[in-house]
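Structures for review follow.
Shared between the two complexes below is chain A, which pairs with chain B and chain C, respectively.
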Partner chain A sequence: MGSSIIKSSCGTGGAYEELPEGLEKELMPKHVAVIMDGNRRWAKSRGLPVQLGHIAGRRAMKQLTRNCKKFGVQVLTVFAFSTENWIRPKEEVNFLMNLFEEVIRSDMEELIQNDVRVSVVGNVGGLRPSLQSLISSSSERSKDNKGMDMVTALNYSGRHDITEATKQIARKVKDGVLGSVEDIDETLIEKHLQTNVIEESSYRNPDLLIRTSGELRLSNFMLWQSAYTELIFVDKLFPDFNEGDLVEALTLFQKRQRRYGGHKY
Partner chain B sequence: MAKQSSNRATQVIEAVGSFLRRCIGSILSAGPIPKHIAFIMDGNRRYAKKQNLEEGAGHRFGYSTLMNMLKYCYELDVKYVTIYAFSIENFKRRPEEVQSTMQLIQEKIEGLIEKESIVNRYGVRVHFIGNLKLLSKPVQLAAERAMNATWHNSKAVLSICIAYTSTDEIVNAVEESCKEKQKGNEKLLDEIGEGPLIDVADVEKHMYMAVAPDPDIIIRTSGETRLSNFLLWQSARSLLYSPGVLWPEIGFWHLVRAVLDFQKNYAYTEKKSKES
Partner chain C sequence: MFLRWLEATILDFGDEMHKVYMWIWSSGDLGLRLLWHILHLILSTWYFIIGLMGSVESFLISSGLFKRYRDLDISKVQYLAVAIDSDEALQTLKVLELLRWLEAIGLRKVCLYDTAGVLKKSKEALTLLLKNERMSSETASDPLVEEKCLSLEVISFSDGKQAVAKAADVLLKKHYLSSNTEKPKLTESDMTDALGAIGYREPDPDLMLIYGPARCHMGFPAWRIRYTEILHMGPLKSMKIGALIKAIHRYTMVHQNYGT
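This part shows the complex of A and B:
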């Protein structure tokens, strides 16, 4: 699905150089989150092993990242692996872990060279040591990058995110770092959520969440952070999600934004 | 809204409608029926504008729609219904509007516990969920009276979220979890000695919404697809359904559609977990 590209006149240049027709710079979501669902169904519908579905998904993710960067999105978060995905067949899980390592070694490396800040949210400690060290090294090396933030949710659960924040806060209360339990408020909890890896606090909550494959649910992804997020559900399976689909979702998002002039409740 | 039951023809139409709904209900019961449906009743004000009514009138139509939807849910044997009646964010609206909404809410809470109300007809226990201290005294008292009057009802549950936001609910649950761990003599450090042993279950049990299981379906009218700080924690696995109609325009068929979607997804999620 082609999209005509118009150079929008823009004083700062750089990120906003190529916005497709119909999209406005001022209404671009700062933080886009994507639940990349449908790799397995994609493979099964073609009579292929699920692993090939994940490989196709990897290609689509690369494209997604490239396009978000092109359109000037500040933060892209992708849901790669949930705490609930461990029940999948051992073979598939091992394949995925290997694939994640490969993605960090090559795809993420490419992003780092392009000034993208790479980080991972989730229970990283629950992943295999080789993956953990790749994650910490790529985060460390890219932490001073000034371009887009690319956040990958690996072994992530929205409820655990909130519970971990609770634990840390409880420890601070116990250690006397925090005055009292009554000092706990929404801002404090937000500061302790895993999305605090995103430096700019106003970008920490997604403006837009896209879920592919037609599933109409959040599946325990960024529950707190999605309080006012626009949810767009797309029928296509993730490996088929292309630039045109992203533009369509962004256009729909922008249409809704115009109705409320920024007043969300 | 005047009661229509005195008109004979209307009675017949009501009876036919009720019979049809029961037929459809028994067809739907061949599959799984959701235990808990939650509603974000969006669109009352837009409805009033659309029908050229004065502003408060939209909420009155909305109330009448709510009574119908509750009836349909309980007829279908949905045990738990939750509604988003008033968000903490809504206190920011114009004072006149907030006041008239509060007045309407108080009036309707009192109506809820009348003898012929839906609540008594279907044996519904009512809970008010939210930071109730933010409400005016008269509304708080009305809510308390309604909760007391219905606490012995055991067939179904209605949770009314008022002065509520999910983030406020979570903050409260976090505070209560911390307080509990401070007081308790139990093991205060987790296995790696890093912090208090707090887990998902601890936070969950202190939620105001612990009175109900997680919603199976969350329905938001007027075509908006945002949760707007409603049941964020509880929505982790809920089916999200957003019909384009404004709240006062929603009807039995939308509910049927939502239940059918739920049943279709139920079959798929069951299949998915079996394949794993």
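This part shows the complex of A and C:
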């Protein structure tokens, strides 16, 4: 069968990347969302402190980002920290916040240099000021990048996303920015969801959502946006999720697309 | 994941085999045709065996021969959602059979969903048929028979995103446009209350079973599926009671950590 040759989207000008066997460029999901679950279980199963699980997860996330970019995915959204995760031990939460800062300083920086547009969705105002500042700076510096969109959901909740959209609409109506609103409809709410950081409107809803660690739920992630998203639940823990697993998920997605077409809803 | 890959590969293999068949047929070679028919027989026998094994497993499970499925702790499934592809939802008798199974397993609160509202049109018929069956069965004289009946909620796409939009509209007009509040204070609880005020008071499902070709929840009310366990069951026409019991059993063994 051989590999498909695609033009690299990494801005290196004219370089060609090969797609793994079985994957087709035309059927690549435009937006892939990943619930990166299983770092702690990975560490516990090895008798390691949970912090090492998160470090291993960071490595896996970096690899995931590189692979998605390589395969021509236009938007990658990762669920890094939920509003419900604050109830974890304080030590772990502090470690995670420090890790996120380190990720933005180094991993995100690398992405920005490679023409990736980075942004964060979630209740950013609820994060520590130093992290807020880093988020703001990296988003600003990458806003004109034209490569892949890398969206990190931090302190994110799907219900909060919907609620904030409603708040924004209310604010705009009160301020006269939005003219007299006859009725709020779902289109108006969609325009105010946090995933509107993604420039291309047709890419804002994920085509494919992958959750690792064998759990079969969305856990308050992209509830509105995932109405027609293909859901693939993978047993592997996130630190073990490698290129082969991503290819398998993409292949399953593409086979389904070939058989049933895009959603007919 | 492996089983899904295998399923997709087998389906794709079928497509490739059809192309090979067309080529062999057009070539006119009798030997090749005979070989193809032998291969076809082998594959058909294989598929038959797989199907038979599935049916036997389903029978064994539904007969209560497996202890773990016999001792199903159904109390863990307080509210079950069943999302069905709208085209498949037209198979009313299949839907009825599914509801019978759910009732027999011991479930009491079920939410049926399809995008286009096909099930809403069938709701009356389904409820009536279920009631008639109950009345004509031995349990009809049981004073507690009503308590043991299935409580059915039937919803469609309009009860999802559109409902949230209506609730948001209510909140906007009632609380913000008419008040002097500088900054709208709106919480998730307000949204839940507003949904309740416009008639959406049903609880969030613990488990959602999806029947249809697509592994997606087809626009099931987003607000209600924060922690819902989601299982894809395949096409409605191929549904088996054994698979249903297995799915519910799997859910009862799950431990949700809710962010911890």
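General remarks:
Just so it is clear, the second predicted complex is superposed on the first by the 239 of 265 C-alpha atoms of A that agree within 3 Å, B and C clash if a C-alpha of one lies under 4 Å from a C-alpha of the other, contacts with A are read in each partner's own complex, and residues count from 1 in each chain.
Rule of thumb we're sticking to: a contact is a pair of C-beta atoms (placed from the backbone, for glycine too) under 8 Å apart; a residue touches a chain by one contact, two chains touch by 3 or more.
This structure is a prediction, so every number in the text was calculated from the model and none was measured.
If you put the two complexes together on chain A, you find that chain B and chain C bump into each other. In the superposition on chain A, A:Val50 makes contact with neither chain B nor chain C. Looking at the shared chain after the overlay, A:Leu96 reaches neither chain B nor chain C.
Once chain A of one complex is fitted onto chain A of the other, the partner contacts of A:Asp185 extend to both chain B and chain C. By the touch criterion stated above, A:Thr166 is placed in contact with chain B and with chain C alike. Within the superposed three-chain model, A:Trp224 lies in touch with chain B and with chain C [touch as defined at top]. Chain A is touched at more residues by one of its partners, and among chain B and chain C that partner is C. Residue contacts after overlaying the shared chain place A:Ile87 against chain B and chain C alike. Contacts of A:Lys174 after superposition on the shared chain: both chain B and chain C are touched. By the touch criterion defined above, A:Asp235 reaches chain C but does not reach chain B.
Among the options 3-11, 21-29 or 219-227, the segment of chain C that ends up inside chain B in the superposed model is 219-227.
Chain A uses residues 87-88, 158-160, 162-163, 165-167, 169-171, 173-174, 181, 184-186, 189, 215-220, 223-224, 226-233, 256, 265 to touch chain B in one structure and chain C in the other.
Partner chain A is touched in their complex by these residues of chain B: 87, 89-90, 92, 165-168, 170-171, 174-175, 177-179, 181-182, 188, 190, 194-196, 198-200, 202-203, 224-229, 232-233, 235-241, 261, 265, 273, 276.
The part of chain C that touches chain A in the complex is made up of residues 1, 4-5, 8-9, 11-12, 115, 157, 160-162, 164-166, 168-169, 171-172, 176-177, 183-184, 186-188, 190-191, 213-220, 222-223, 225-232, 254, 256, 258-260. Against chain B, the residues of chain A that register as touching in their complex are 87-89, 158-160, 162-163, 165-171, 173-174, 181-182, 184-186, 189, 215-220, 223-224, 226-233, 256, 264-265.
Only residues 82-88, 157-160, 162-163, 165-167, 169-171, 173-174, 181, 183-186, 188-189, 215-220, 223-224, 226-235, 245, 248-249, 251-252, 255-256, 258-260, 263, 265 of chain A touch chain C when the two sit together in their complex.
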